[in-house]
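Naming follows writing order (A, B, C, D and E), and every chain is counted from residue 1.
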Amino acid sequence: MFLARITGSVVASTKVDSMIGQKLVVVEPLRVNEKTKGELVGTGRSFISVDVVGAGEGEVVLIVQGSSARFTDETKKLPVDCTIIGIVDTVTVGDTTIFKNHE
Amino acid sequence: MFLARITGSVVASTKVDSMIGQKLVVVEPLRVNEKTKGELVGTGRSFISVDVVGAGEGEVVLIVQGSSARFTDETKKLPVDCTIIGIVDTVTVGDTTIFKNHE
Amino acid sequence: MFLARITGSVVASTKVDSMIGQKLVVVEPLRVNEKTKGELVGTGRSFISVDVVGAGEGEVVLIVQGSSARFTDETKKLPVDCTIIGIVDTVTVGDTTIFKNHE
Amino acid sequence: MFLARITGSVVASTKVDSMIGQKLVVVEPLRVNEKTKGELVGTGRSFISVDVVGAGEGEVVLIVQGSSARFTDETKKLPVDCTIIGIVDTVTVGDTTIFKNHE
Amino acid sequence: MFLARITGSVVASTKVDSMIGQKLVVVEPLRVNEKTKGELVGTGRSFISVDVVGAGEGEVVLIVQGSSARFTDETKKLPVDCTIIGIVDTVTVGDTTIFKNHE
């Protein structure tokens, strides 16, 4: 799995029937800053993910890829390879909380 | 999943029987411009995808990879790892629509 | 899927029983030249693939990866993640045929 | 599989039901130093993994990815693509032990 | 699949029960030298693989990844994504044998 920030959304009115009603979001994978180990930084990559936990734009989320993206009740029959399975509250590295949800 | 632009097509007359009749298109994955966050830009990579939604050259599409590429009625028994499952109307990042289908 | 050129072959006499008799070829993935969009160029990467369509060295082929590489009659029980499923006749980008098989 | 060091942890209180109770850790994949062949070095990448062997922060672990990450008793029905399946005691390259667990 | 050289070994005494008794080796993926096409060169990456063919350190082997790594008698129920399925005798590119096992 990997951490990502929800940065946007996609509308596709022509699509496979099974995908009708699925929210599609743009996510940017994050990594721990390699030098400081003190913050999450963007990787510059873009994925499109479905969301089964009701996450909102700007939030940091946990994403599963590949066949395992189908291992939720909502996605088990869908042609999806990227699913948001959690909303991240905190990320801690060593003794430092490097990310905390603003709520 | 990822966004891509259809840039071309492939003809392969000698192929596995199950693939006869399948349209094969060349796609270039896209990402959100890392600096401006204001447009989609090409990644320079090339994939070959099947298409089950009737997309046309030049269109921006939604693509699923891996085993999930077989989770459509048309592809469930095919040796394919890359399927176009939607035609993108709009991509929005923050408050800005960074892509809009020209139709 | 991706396009690749067959550049060589591999002999491995000690191998898993199910792989006995399988032709193993070296392939170099290709991509559309990012600047000119007018030719296929090598990526410098090397994969080993099985071939179920009788392709020859130097030919440009269509390759499927991952679990879908097992979705042909010949490969369904094999430990393979890379299968040649077609021999490419032409690749067209925009109005230009950027690759044509020499036969 | 690959080697990684556990560098942190993630808390996500809103998540898919099946993931409740799963420990989520931040891991940095490691590789053998390409020049010296004498140590493990970080790759700068960040993955989130579940742990079924009780590893602790700072430890070097063995990680499996993809559908195989579901092939343990604890993970077989979970939407996970990255599982810690072992705690590494030693890594030996040539005649040299390049990593030894401090315990 | 890809070619790799076995460069080392890993000992992990605390691990998932199903992995007890499995030999774990460190491998470095190889590629054909992009310029000369005349030799195999290391990629600098490190994977951990199980071995079902009895390969030894220093040997060049054929490796399968992903779910297909479970498609051997020995690995079908294991949480493994990387299996050595053959020991390479020769690799030929064009008219040149660019690798030959020293035996």
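In the analysis below, a contact is a pair of C-beta atoms (placed from the backbone, for glycine too) under 8 Å apart; a residue touches a chain by one contact, two chains touch by 3 or more.
Please read these numbers as outputs of a predicted model, since none were measured by experiment.
Any chain bridging chain A and chain E, meaning touching each of them, is among D; the list is complete. Chains that count as touching both chain B and chain C, per the definition above, do not exist in this structure. The pairing of chain A with chain B is characterised as different-residue: of all residue numbers used at this interface, under half are used by both copies.
Distance between chain B and chain D, defined via averaged C-alpha coordinates, is recorded as 33 Å. Chain E has its Cα centroid 20 Å from the Cα centroid of chain C. Shared interface positions of chain E, i.e. residues touching 2 or more other chains, are given as 66-67, 69-70. Beginning with chain B and continuing to chain C, the ring of touching chains reads B, C, E, D, A. Chain A contributes residues 7-16, 18-19, 24, 26, 28, 42, 44-49, 57, 66-67, 69-70, 77-82 to its touches with chain B in the complex. Note for the complex: chain A touches chain D at residues 1-3, 30-32, 34, 37, 52-55, 62, 64-72, 83, 85-94, 98.
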